[in-house]
Amino acid sequence: MEMTIPVLILAIPLFMFLFLGLLGMKMSHKLAGTLGTLGMGTILVLSYYTAFQYFFSGAPEFINAAGERLQYLVFDQTWLQFTEKLVIKVGFFLDPISAMMLVVITTISFMVHLYSMGYMRDHHGVYEHGFQRFYAFLSLFSFSMLGLVVAPNIFQTYIFWELVGASSYLLIGFYYTKPSAVSASKKAFIVTRFADLGFLIGILVLSYYGGTFNFAELTSAPVEGLAGVSQVSLGTAEGIKAMFTNSAAPVFMGASVLTWALVLIFMGCMGKSAMMPLHIWLPDAMEGPTPVSALIHAATMVVAGVYLVARLFPLYLMETAALDIITVVGALTAFYAAMVACVQVDIKRVLAFSTISQIAFMMVSLGVARPEFHEGLGYMASMFHLFTHAMFKALLFLGAGALIHAIGSNDYTAMHGLRKYMPITHWTFLIGCLAIAGIIPFSGFFSKDEILSSCLGYSWVAYLWMSLVAGMTAFYMFRLYYLIFWWKEHETPEGHHAPHDQPWTMSLPLIFLAAVSCVAGFIPFGELVSWNGHPYDFMAHFDWSVAAVSLCVAVAAIVLATVMYRKENPLPSKMRNALPALWTWCYHRFYWDELYMFITHSIIFRSVCRPLAWFDRHIIDGTMDAFATVTNKVSEAIKPLQSGQIQMYVWYYLIGALALGVVTILCLL
Amino acid sequence: MDYSQFLAMKQEIALLVVFLLVFLYDTFMPKSTQKALPAFSIILMLLATAAGFCSHCLGSDTTVVAFAGMYETSAVIAAIKGILNIGVVIVLLQSIKWANGESMLMRRGEFYELLLVTLFGMYLMISARHFLVFIIGLESASLPLAAMVALDKNRYESHEAAVKYILTAVFSSAVFMMGLSFVYGLTGSLYFENIYFALTNQLNMLLVIAIAFVISGIGFKLSLVPFHLWTADVYQGAPTSVTSYLSVISKGAAAFAFLVILAQVFGPVYSKVWEWMLYALIILTITVGNLFAIRQRNMKRFLAFSSVSQAGYIMLGVIAMNAMGMAAMMYYILVYIFSNLAAFGVIGAIENATGKVSMDDYRGLYKTNPRLSVAMMLAMFSLAGIPPFAGFFSKFFIFTGAINQGSVAIYVLVLIALINTIISLYYYLLVVKAMFISEEECVIGWFRSSFSERLGLWITVGGILLLGLVSCVYSSLLNLAEVSPMNMYFMS
Amino acid sequence: MEITAVYYLIPALIMFCCGVYGFITRKNMIAMLISLELMLNAVDINFVVFNRFLYPEQMEGMFFTLFAIAIAAAETALAIAIIINIFRAAKNIDVRSLNEMKF
Amino acid sequence: MFSNILIYFVIIPLLMLAGTGLCRGVRGIRAVAVTGSIALIALSVYLLVDYIGLRAAGDSAPMLYTDSWMWFEPLNIHLAVGVDGISIAMLLLSSIILFTGSFASWNIPQPKEFFLWLILLSTGVFGFFISIDLFTMFMFYEVALIPMYLLIGVWGSGRKNYSAMKLTLMLMGGSAFLMLGLIGIYYHSAPAGHELTWNLLEIAAYDAVPHGWQSFLFPMTFVGFGVLGAMFPFHTWSPDGHASAPTAVSMLHAGVLMKLGGYGCFRVAIYLMPWAAQELAWIFLILTGTSVVYGAFCACVKTDLKYINAYSSVSHCGLVLFAILMLNTTAMTGAIMQMLSHGLMTALFFALIGMIYGRTHTREITQMGGMMQILPYLSVCYVIAGFASLGLPGLSGFVAEMTIFVGSFQAGMADYLGGEGSLRLVFTIIACCSIVITAVYILRVVGKLLLGPVYDDHHRSLTDATWWERLSTATLIIAVAAIGCFPNFFSNLIKTTFTPEIFTVLGM
């Protein structure tokens, strides 16, 4: 494959970032926005082309005679050499999941670029302050995210991992004059930074034992005769595991070092993908502009954790303990987030928790995937869900953005009954809700069902648990839907225009994404993506009984939501009064933020930093100052020696001379 | 008697000639020409110094022992005398304005005559190889100084300083001579050489006491702690020119004489007796000198304590007991002469112009008298041992020389000395701070110092800048030291 | 009873100590000078005695003593002169009043 | 003598000194400073290119351009010069920072005196980096230290007298230990029968310092240089000193002078006494590892911008010394890269703080806010500096830190698996934690100072950066980004130092 297009895919957004960042203020808003969107459009085309080439060209570097998809290193360039073996190379790695991610990222990103042209201006058409900056940051984000998914080695992943974190920071804090946005961006960065610490240590451990950063050398075996081409291979992963077990210290604190490494890397994923207990940044991240939430905090960046686990999946298979941890963390997070989502008032928060919950689905799906069950269906399901979720969640967020744009508030209490005023938004939002609820034939149905099937293969507890969560998902989404669009008639506050649908730049992405959500379920995903590149017809693994059950659960949940929220009625408050404690805990998100506040503020800040700073100023510095003070004190104390009296001088003289002699004599004796 | 022996005393004789000419000029020339006396004596001293250097260059200052071994001269000794001569020339140059001032009208000549006599005494101290000659040198180096200290008749402090000086000096020489009498009793001779050989297999309590007394006697001249207590008062009370003379020339001569006596007389008991005494004295001297210097506000008193602590550093060259140490010590003395005289030059210039000697009066001096301040700053930096000024090199070499001795104890000693440099840096910086950083209005207005003062400062500042960077000074001193007859005594 | 060196040395030592004591305790500067003379004379005696009893073959001690006496005389003369100056300036010769300069 | 290119690194500053001394007006002085520093940058770039060419041509001597002129013959003291990749990196850094520092002090009062001292300081710095003779090295080292006193004392702010004195005394205190260490090394520099020498290369080649002496001299020299490298617990001069220093001085001091510490620790302590470096590393590992997190924690609660940055320097410079002690190529390369990176970004920080302070007359972050709206240029620069500091990829901090972590981890694991204790490993992990704490304090400042609503309405009338300020900061940002984007160039440059000879010397 030619190098030009992959290079352009990375270079264009970087260039757009620098160009818009440095010169954006000199150009008009419209020009900057158009340029940014056009740039993104180009990347979109290039990425689609690349993905198409990868999946369908049938070139020998992409697919072998047995129809197995291969991994292809398009290029790599040494960026920083640590040692002989440990080299960071910047490169472009094509395999099923990176090709899929290219599509996802560029699609959503382009939609968001387009959408923002309409969103980032007020009703009079005046662009927001910093519009150019917004596009520059979007380009930076796209660059980082693309770099992340095509990384051929784990260190490049880490590099771009940090960069997406930074662009997320910049975008969450886009409204930097708002203190809440500032603190939300800070929180997001620091929480993910903390997680990245684990990731970094994990990389260090893995690379020390494994002796390489390259994914191809960690999880795949090279294909004979084709440079840069490799195929996922459990043998290689076993070889890596052997390097761990053969070392002098294969076990650390009761777990194998490989498990430690993988869990530490997963810690990084937990941070980025907002798994409990590192999820707290994501709801706050909704302070950013809504397109940003759609792009970064729903569709792309937050699934980076899932993506990374998928990338290292053969290694995780070596240590099922690590996979179990992933399953448990995912399952707990999914349930927790669904609970919380049921009571939130802010529509973006509901969507945020729903995102957390859905990403947890993907994590669980990876955690339960085993090659021996349905050919690793969980892996494919996870990726499939990643794909469909990206589409419908972006749709939901963009829809929410349209609502917020129209109403000027995030709160559903300010909305109600908007279905007549904003039909396009209404219908697309409904499609999104149906997709996420898992109603046939929308895309979510297929992907979620496969996740549940693979859970069933793992254990029936996991299956039941996740089915419950799936039901809750349908419930809270429709609660949201009804509260926004139904409940009661909309009341426009005095002096405001009645809400209306958005300009085409905003509608087009909604419609497009809604369309995708309708049909994406029929993509033969198993043919394209599987853990070892071996294609299979996933419908063959489709468990209709599972599907029927989950469909029933979803429908029941929707019915319940309809009953409770379609029309204004006292049922919700009755429910709330029936379980006040549960409601309060859910409403306050189980007090995770307060707990973190307590740990960071009271413990780290007040009990570590402050005392340390005090210690530094008073003890360490005090000691240094004490040298000076003591010297001065001594100087003052021996002042009487120089009394000005000759006789005293002579007396000291004599004592000195005698002492000199006497002490020497004593020493000699 | 072989009168040709006197030829060995070329430098002493030259000095005597200078003395006589100055004396004759002072006595017999008409009053109108008296103002030229300072210039006259400076020219004569310059000639004497130049003659010394010429004889060095002609290679005629080989080692000569004259007067039945009572007197010795060698290239090193000629060099140290030359160094002292240079110092004296600068002192004289800086004192012209003061000497030609109102108060000195009647006593101008006395200053020069007394000064030359003390210098002669110092020559004898350095060259003596017999204690009688030494004591004559010592006394003629110290007694006239008392008169010089008292020269400023109108200031009470001057008298008080003189009394303090003469009484303590006589006391110390009594103790010194007591020690000598013990040595004489133990060894039966006052020749250095004889005592040296007599001591090679002798060690008793009396000897230790005797050595302690002898050290205290010379320590007094060098102002080693605890024999230093006169220093500050006398430096403060004496006229500034006398103080500067006292602080550099007298100290330099005593330091060298000390080395001679310790090496050539008490060498055999070095490691047993006086090495440890010197350790104690050095530590005490440097530390106490520094501690006192911190609090001083009077510039002269401040420099007195600074010179006390500098004496401790000079002693590091003695304790090394090797050629490197000796060379480093001589180099240190030379650099110290230049640095300290630069400081005294500034103090003298300011005192002559305004009568102010307090550090508080120096605040903001840079704004009114930038050149003087820069000269003072360079002097302070040099004294503190900051590169690229000469003081850095002299400190570095004296430490290098000391460590050449090789024992672990010397490392500890040098470490203590080095830590003390921090304290000394502190108080030297206080002066710099007062002049440069203080934002107050300066009480000393702008003034133009006299030509001689400026010339003196230029010379000293030039020395501070060049003595270190130009390596031949130290190198030639070390070369001299390595071939000096003293090496024989270092070997032990 | 034979008179040995010790019989001279002990009084000399006592004399020296008296001198020191006197120097340290007297207020009057002239008295201090006298004490100094005592100390110097004690030294002289030591030299003479050592020479006479221990090393009679040479005269070094004797000559040293002669010079020491001369030096002592010079010191006294100089000291007296300065003390007179002080007296003129301060109208007393109490050594303890000489503490203008201290610390 | 003048045929050696290196000597011009001292001659140009000396000419600048003379030029500044002769100039009458402020314009002339600026012209001298700018011309001189551009000449220095040009010289170091030329040297860099030439050096790489020579290395590429296969010259594998430990140092290139070596030359030696006898100075004090009896003591065998030479004016010996020579450079390797590390020194060249440092020379480049110094000249860039001198250049930007000159712009940062465009409107300083008493410009003549200021630039005289500043240039004297840089003379010391350049001399230090080109010297390979312990004596001249030490001399230049002290030459670089003492101008700080007056620069802070006269042009500083706040408790300047106290800080200037404290800084000078502590640094000179360090150099007191250093002097003893150097003299000690000299006396054990050569095996019996050879002439004692001050020349680094010769001493390293002899490797004759007895082990017993190494265990005494190594701490002496390491602490001596470590004080300047802000090693815990000898770092306390740094916050006060930086807080009081004028902008350019903070830049030069944190940017270059503190590097003398790390450079010296490597060049003298470890290079000459490899045995002790192995044996005694644990003491200093604990101290420097502590510095890393300690400085970061302290920075989290400070409210004075310069204090925050000073503590951050403690943390970052701690990482330099920490990595040097790992005694493996990767970590050491990382250490030098961190020196470069920290030098540039901290200079940028101090420049920005100075510019903000010059406008608002406060450095308290509680007294400011919303600067992004008022001073967008400076604020964006500050954010970039902050990102560099917290290790964002693409800027210099990241590559340096990652090299250090990878290298340290290798060393730590080698120790751990080799059964030699897990100290290195534990402290590596602890040091890694600093990336989180750094993020905390950097974002805290960014949040309070730059973002949010405007705190003080008086600040609204402030004007953004002038052209010289823009030039100064932009130069630094470009340099920071250059290292961050093309790290392998610098890494390879530094690695050229680790020729096979040095490995045998270090016993690695």
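As written, the chains take the letters A, B, C and D, and residue 1 is the first residue of each chain.
Here is the rule we use: a residue touches a chain if its C-beta (ideal position, glycine included) is under 8 Å from a C-beta of that chain, and two chains touch if they have at least 3 such contacts.
None of the values given here were measured: they were computed from a predicted structure.
Asker: Between A-D and A-B, which chain pair is linked by the larger number of C-beta contacts?
Answerer: A-D
Asker: If I average the Cα coordinates per chain and compare with the overall Cα mean, which chain comes out closest?
Answerer: If we average C-alpha coordinates per chain, D lands closest to the whole-structure average.
Asker: Quick one: report the Å distance separating chain A from chain D, using the average Cα coordinate of each chain.
Answerer: Computed from C-alpha means, the inter-chain centre distance equals 37 Å.
Asker: Rounded to the nearest whole Å, what is the centre-to-centre distance of chain A and chain B, using the mean of the C-alpha atoms as each centre?
Answerer: From the centre of chain A to the centre of chain B is 77 Å.
Asker: Could you tell me the distance, in whole angstrom, between the mean C-alpha positions of chain B and chain C?
Answerer: Roughly 27 Å, centre to centre.
Asker: Starting from the mean Cα coordinates of chain C and chain D, work out the distance between those two points in Å.
Answerer: Computed from C-alpha means, the inter-chain centre distance equals 65 Å.
Asker: Going by the touch rule set out above, which residues of chain D reach two or more other chains?
Answerer: Residues 169 of chain D each touch two or more of the other chains.
Asker: Two or more other chains touching the same residue: where does that happen in chain C?
Answerer: Counting only residues that touch two or more other chains, chain C contributes 23, 95, 98, 100-103.
Asker: Give the residues of chain A that touch two or more other chains, as numbers and ranges in rising order.
Answerer: 628, 639, 642, 644, 646, 650, 654
Asker: So which chains actually touch one another? I want all the pairs, not just one.
Answerer: So the chains that touch one another pair up as A-B, A-C, A-D, B-C, B-D.
Asker: Mind listing the chain C positions that touch chain B in their complex?
Answerer: Chain C residues touching chain B: 16, 19, 23, 29, 32-33, 36, 39-40, 42-43, 46-47, 50-51, 54-55, 58, 60-61, 63-64, 67-68, 71, 74-75, 78-79, 81-83, 85-86, 89-90, 95, 98, 100-103.
Asker: In the complex, go through chain A and note every residue touching chain D.
Answerer: Against chain D, chain A makes touches at 78-83, 86, 88, 155, 159-160, 162-163, 166, 169, 173, 176-179, 182-183, 186, 189-190, 193-194, 196-197, 200-201, 204-205, 207-208, 247-249, 605, 608-610, 612-613, 616, 620-621, 623-625, 628.
Asker: Over in the complex, which chain C residues touch chain A? Could you list them?
Answerer: These residues of chain C touch chain A: 20, 23-25, 95-96, 98-103.
Asker: Touching chain A in the complex: which residues of chain D?
Answerer: Spelled out, the residues of chain D in touch with chain A are 166, 169-170, 232-233, 235-237, 240, 294, 297-298, 300-302, 329-330, 370, 372-373, 387, 390-394, 398-399, 402-403, 405-407, 409-410, 413, 416-419, 428-429, 432-433, 435-436, 439-440, 443-444, 447, 450-453, 487-488, 491-492.
Asker: In the complex of these two chains, what residues of chain B are touching chain C?
Answerer: Answer in residue numbers: 131-132, 135-136, 139, 143, 146-147, 150, 153, 156-157, 159-164, 166-167, 170-171, 173-175, 177-178, 180-182, 184-185, 188-190, 232-233, 236-237, 295, 301.
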